[in-house]
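Labels run A, B and C following the written order; every chain starts at residue 1.
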């Protein structure tokens, strides 16, 4: 029964996102635009672009994730369906994981698929592009998971989205360091797998802890 | 059976109510009355377990609801202030989803019967954003025809309902009570339910 | 009877308020004495560093401030755990009162670290592991304060920020590790402000005394602040006392 409920929740969220494609697409376009701003700021000299490329793409992915996270719980909170979820027989942490899963499939995965294309704008070689995509594939779920905690804490609060950024960005720094660092290490001739496995470790940790923390936050906020 | 002992609630720096005790037995409807701001919604949310009271305990079938949270949640059906209806889903999809997360897998036929019962049978494929306030309220009430829960906790269920829908809801409430169900509700109206079932609890501001 | 009534006796703001009031003067005096002693040691007793001259003396403020910033965060997280686990109002108020002082020490550590770095390395800011971690800690403090002030209901604000403090405290070691890793990766930032190979005995003494002074100061200030917080919410306590008397 639990699996059926979680599946229903996942499908519902995906269906809702598909009926609001514009919102989802907007966050993706933001990723593209944000990454494109950097050459305007620092100049388009290829060596420099190659050096900053991985970092720029990671930061842009991070900022885009933050924009889309605002939607994770706020709409359900506004129309009253979030309360009903708290009264459901499924463990709240599992329900949260299902919602985060749907959110990542709709906002994170497309970003991962877009990343190599944007990476080409920074003249990154094939090996770095592949590593970058892998680091984002492992890292964007971490962004969704950690971000969910902030999204839950800032539900219904004044100045929600700015506050969300303030809370979440410091917590994002480790993933950013490991993810972008893995690619940069490879460019410097070192092994990328140290950083990559650290991103994997963060994914494992946050898969376990973030839903629990988010569930606790939801109960606090809906009290 | 629902038992409440010494319930207290503080919002901000005001005490809404204190030392509230009552019990609810099968075939009883508790009508909670009080002026605006007297804490009716807060009391209902505390009864569902969504909010924590500042004092007191609640017992369901003898167990503290904080210890049997899942069992309690599956015995109750809560309809809050908002209809809990998603604009981007159709009426049928909304009802199906609401019932699924409550743990029931409804058949196509049962869904349609419930929607017919509340008068939305012909509107079931319409996206909820195109429904009127009254129709949304009816949609949220459709669960009452579909799920078998013993305790109903309803916050202002008659809001936005027209005369026909009001009669429909009153009939459904009576049927539920006759079967041994329990209801706690708030409303500014006086629902036309047989007196034998109804008890009144007044929260003064 | 119910566990809820016992809690009010366990963590009663009504009894803590006068107790705190009596403790404040003791801690204030202790703070003054320790800080003055520490400053005396740092200026007159500790030897001149042959490499860095007199400018290094600012570490007598920088290092104790950094220690306090981390210590206070731990204590804050402890009170946050209590406030969530035991639903104790006083613990929530203590956590809320600790945050501004913690943030102040973090900022102090950053500013003094910057003043130390300038004569040494020629730059107002270097991205070394310790200083960068301090910066991120400051962000965590500011996030806590911002979250608390954004939520209107004080109890909900306490609990939400308590959760954030706990999430933060779990992340602090991860953040520190990641910043060190980042430092070794990008060789350019290999300078370290915390390199203190041979610390004279007196230098360590000076820092410990200053740290003690800062600690006394923190206790005094936090107690003062928690009394202010209690006065703001005093009406709650009055209601609850009245409620118990009626029973």
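The definition used in the following text is that a residue touches a chain if its C-beta (ideal position, glycine included) is under 8 Å from a C-beta of that chain, and two chains touch if they have at least 3 such contacts.
Bear in mind that the values here come from a model prediction, so they are computed numbers and not experimental data.
Taking the mean of each chain's C-alpha atoms as its centre, the chain lying closest to the overall protein C-alpha centroid is A.
In terms of C-beta pairs in contact, A-C outnumbers the other of A-C and B-C. Inter-chain centre distance (chain A to chain B, centres taken as mean C-alpha positions): 37 Å. Look at where the CA atoms of chain A average out and do the same for chain C: the two points lie 31 Å apart. Annotation: 47 Å between the Cα-based centres of chain B and chain C. Counting only residues that touch two or more partner chains, chain B has 52.
Looking at chain C, no residue sits in touch with two or more other chains. With touch defined as above, residues shared between interfaces to two or more other chains in chain A number as follows: 223.
Taken in their complex, chain A has these residues touching chain B: 1, 4-5, 8-9, 12, 15-16, 19-20, 75, 79-81, 83-90, 95, 222-223. Residues 2, 4-5, 87, 152-153, 233, 235-236, 239-240, 243, 246-247 of chain C touch chain B in their complex. The part of chain C that touches chain A in the complex is made up of residues 84, 136, 139-140, 142-143, 146-147, 150-151, 156, 159-160, 163-164, 166-168, 170-171, 174-175, 177-179, 181-182, 185-186. Chain contact summary for the complex, chain B toward chain C: residues 5-6, 8, 10-13, 15, 18-19, 52, 54-57.
Residue ranges on chain B touching chain A, taken from their complex, read 48-52, 70, 73-74, 76, 78, 80-89, 93, 97-98, 100-103, 105.
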